[in-house]
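The two complexes that follow have chain A in common; it is paired with chain B in the first and with chain C in the second.
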Partner chain A sequence: MAKDVKPTRKNLMAIEDRIDLSERGHGTLEKKRDGLIMEFMDILDKAQDVRGELSDDYEQAQKKINMARAMEGDVAVRGAAAALQEHPEITTESKNIMGVVVPQIESSRVSKSLDQRGYGIMGSSARIDEAAEAYEDLLESIILAAEVETAMKKMLREIETTKRRVNALEFKLLPELYENQEYIEQKLEEQEREETFRLKKIKEKKEAEEKAEKAEQEAAEAAASADEAVSGDELEQSTAGGLPGGD
Partner chain B sequence: MSAGASNPEYVNARVRARRAKLFADEDYRKLIRMGPSEIARFMEETEYEREINALGTRFSGVDLIEYALNRNLAKHFDDLLDWSQGRIYDLIARYLRKFDVWNIKTIIRGIYTETPAEEIRTDLIRAGELPDRTLDRLLEVDEIEDAIDILSGTLFYAPLSVAYEEYEETGVLVPLENALDREFYEHLLDGLGRPQEGPEAMYVEFLQAEIDFRNARNALRLARSGADLDPAEYYIEGGVLFTRSELNRLVADYDELVDHIADNRRYGDRLSSALTRLRDADSLIAFEHAIDAALLEYADRLSSIYPVSVSAVFSFILAKEREVENIRAIARGREVGLSESEIEDELVIL
Partner chain C sequence: MSRSQSQEIAVVGSPEFTTGFRLAGVRRFENIPDDEKSEDLDDAVTNVIDDEGVGIVIMHDGDLEYLSRNVRQTVETSVEPVVVTIGSGTGGGGLRDQIKRAIGIDLMDEEEETEDQE
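Entry: the complex of A and B
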């Protein structure tokens, strides 16, 4: 608050420095926010597509497994699923989007060929193959969705933080600094005016004193010259009357 | 048991009584309108009462229905093996060995994934030739190698022993499962020759169709998958649709493969509409549906032409399997919210 600030020139300079820094920071953060929003919009489009695909894949996988369970029996489907011990592998790396670190998920061994699914080919059916294939597709979609949605959430969080910072600078810090700056400037101007006035007063006073002194001096001088004149007359008179000792 | 004279008359008499208890088309229409719990209640008042009551405390919903269906199926087929002797036993047993294959696969998968024996036990369908004692011993072991040792003396021992080496190299169950399936299919026609007429001719024709459809199904799956697999490894001898070299050549060209099936005199007409759809669609499911329907057509013919023969018994086996599949399909279909028409169109084969 302005009242807490000492209206000194040093503080004014410090505040001006801070204003300069904050304005630059505000500009940079605004650019970052806009950039993040643009990146976010791209990711959002991708996320919407991925969500749509995920939903379709899920529906498809459910349909396929329901058909397989209905026609082959739940026991047969569970049996086929149990014929494989190996799990898909997922590795995560990270990439940087405008300073936001987002994950990059790589999967392997999700989609399998007919002979890699564990169950025997000769005694199984296309219903089980298609259910397995549909679930492999679903798993791929889930992995992609996890990557995109995590990136989206991280971007969103970063946008929110940046927006808060921009708003804090724009609506809180900078207005306060401007207010302080104005306050100090006003105070300094006021002080300057006071100083000027004071100096003027001093000057006037001094001038008045000087004037009075001069007048006094003049009066004294006048008085002195008057005295001098009087004493001259007296001397003249005494000279004209003869000096008593001179006879 | 296989010893002694064949007794098709006796087995047929028993089978006729069982056949009368099968669900009629109208029962399916009723079931299609029911929810899973209503289906279970409906089953409680039918042939499946004992199984539903026995399993009702452990399972519920569609799981209860599925396990009850499997247990009932096992009971019926086990009875068939008990009643039959001699030649007819052999003819029935060779087809029911597919449940042995199922059970061995289930146990091996259980060992592979370290599933508790009790959980594996519930998934077994004790309808095959392997005695319960052998299955129980298999459930006790922790290593696949030990399980294979227990099977010594059965026809599965030799192929499993060979496939085990490949399993050890690759760590996946595919070679073991393929070995089991191959053994089942390749023994279907053992010693049957090529009878030209009579019930055995029809029986052989049905088994050939089973092999041909399995070859066709696998060839189409291989052709579609684009996986670098040797088609010859998945070829089953005994059918009339492909020779090994034909299959090798055709797998490389999907359209030519479909044309080859369509041009076959025995199956072309039966599968023509499914093959047309197969050319347009990406999915093989409609084709498999057509294959199932074609096999059932054979089954219906088996029962009507030679009523007192292995054909009629065989027809009952297929009808029972169809009943179990239909009830399970309806219950699962209702569970997942499929409409009545979807269940009728896509699942149930009436």
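Entry: the complex of A and C
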């Protein structure tokens, strides 16, 4: 609120500094927001492609496993699934896009050769192998989708936060600062005007007093000189007419 | 760049859904039969998400409707671990809303319109 601010020159300078800083910050954050949105659009395109591939791979994998279940039976498929020795692992490296830390996921031991699967070449059929391979491909697609979608979610969060900060500066902080600045400037102007008026009044009063004093002085001088003139005449008359009281 | 520790992939869903991924080597799994999903899916998903050794969680799109609101919100926004949903739809329902909120435009709707025009 403007009324909470003391209307002093020091406060005015402080507010002007804050306005300058906030305006620069606002400009920078707007650029960051726009840059993030542009980067996000690239990632979104990539995500759409990845999702498309993922859907195709899932469809393919489902066909293969349904075929394996139909040919070998569900028990055989589950038995093969339980026998797996090698397990896929993922490691994450971080990458920085416009200040947002996004993951780069690397996988290991996803695609396996026949002997690595653990159920043995003789212990299963080609259908189960094909299903396993299809699901391994699906896992690779899922890992890629995970990387891209994590990046998307993090970018979105950052875009939202940046957007909120830009709006807070534009619609809350800066208008308040401008209001305070205007309030202080008005108050200072008012004080200056009052001061000027006060000084003018004091000056007029002083001049009037001086004038009155001078008039008094002149009147006193005039009276004094009039008395002198009268007593001088009387003295002349007394010396010329021989007034008693001399012998 | 920093490297985190090695993590695993987990899968949550019905036995028919999880078997395929187990065939590909996924050893962290939670089997929830269809008739028990309303009661048990929330806990299963929460257990897996809270496990620090899990980096990616795989779920079926259709299972999201069995989750309570809070858990679903967690699933849609979680980045560690990230939950990838596959199956019926685009898997991007929650993401679409997030995009609309953050950018202000329904970008996925535009993509669909472009595809229709093509």
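In this text, the second predicted complex is superposed on the first by the 226 of 247 C-alpha atoms of A that agree within 3 Å, B and C clash if a C-alpha of one lies under 4 Å from a C-alpha of the other, contacts with A are read in each partner's own complex, and residues count from 1 in each chain.
Here is the rule we use: a residue touches a chain if its C-beta (ideal position, glycine included) is under 8 Å from a C-beta of that chain, and two chains touch if they have at least 3 such contacts.
Everything quoted here is computed from the prediction, not taken from an experiment.
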Applying the document's definition of touch, where does A:Arg164 land relative to chain B and chain C: first, second, both, or neither? neither
Looking at A:Phe40, would you say it contacts chain B, chain C, both, or neither? Reply first, second, both or neither. second
Between chain C and chain B, which one touches more residues of chain A when both complexes sit on the common chain A? C
Check the residue A:Glu136 against both partner chains and state whether it touches chain B (first), chain C (second), both, or neither. second
In the superposed arrangement, which partner chain does A:Thr91 touch: chain B (first), chain C (second), both, or neither? second
Just to be sure I read the superposition right, which of the two partners does A:Ala82 touch: chain B = first, chain C = second, or both, or neither? both
One more residue to check, A:Lys206. First (chain B), second (chain C), both or neither? neither
In the overlaid three-chain picture, which partner chain does A:Ala70 touch, first (chain B) or second (chain C), both, or neither? first
Touched partner set for A:Ser125, first chain B, second chain C, both or neither: first
By the touch definition above, which chain A residues appear in both interfaces, chain B in one complex and chain C in the other? 62, 74, 78, 82, 84, 86
Okay, in this complex, where on chain A does chain B touch? 62, 66-67, 69-71, 73-75, 78-79, 82-86, 113-116, 118-123, 125-127, 129-130
Touching residues on chain B, where the partner in the complex is chain A: 62-63, 66, 70, 101, 105-106, 109-110, 112-113, 115, 123, 171-174, 176-178, 180-182, 184-185, 214, 217-218, 220-222, 225-229, 234, 236, 283-285, 287-288, 325, 328-329, 332-333, 336, 338, 346-347
Contact residues on chain A for chain C in the complex? 37, 40-41, 44, 48, 51, 54-55, 58, 61-62, 65, 74, 77-78, 80-82, 84, 86-95, 103-105, 109-110, 112, 117, 128, 131-132, 135-136, 138-139, 142-143, 145-146, 149-150, 152-154, 156-157, 159-160, 163
Show which residues of chain C lie in contact with chain A when the two form their complex. 1-9, 15, 19-27, 55-56, 58, 77, 79, 82, 84, 86-87, 90-92, 95, 98-99, 101-103, 107, 111
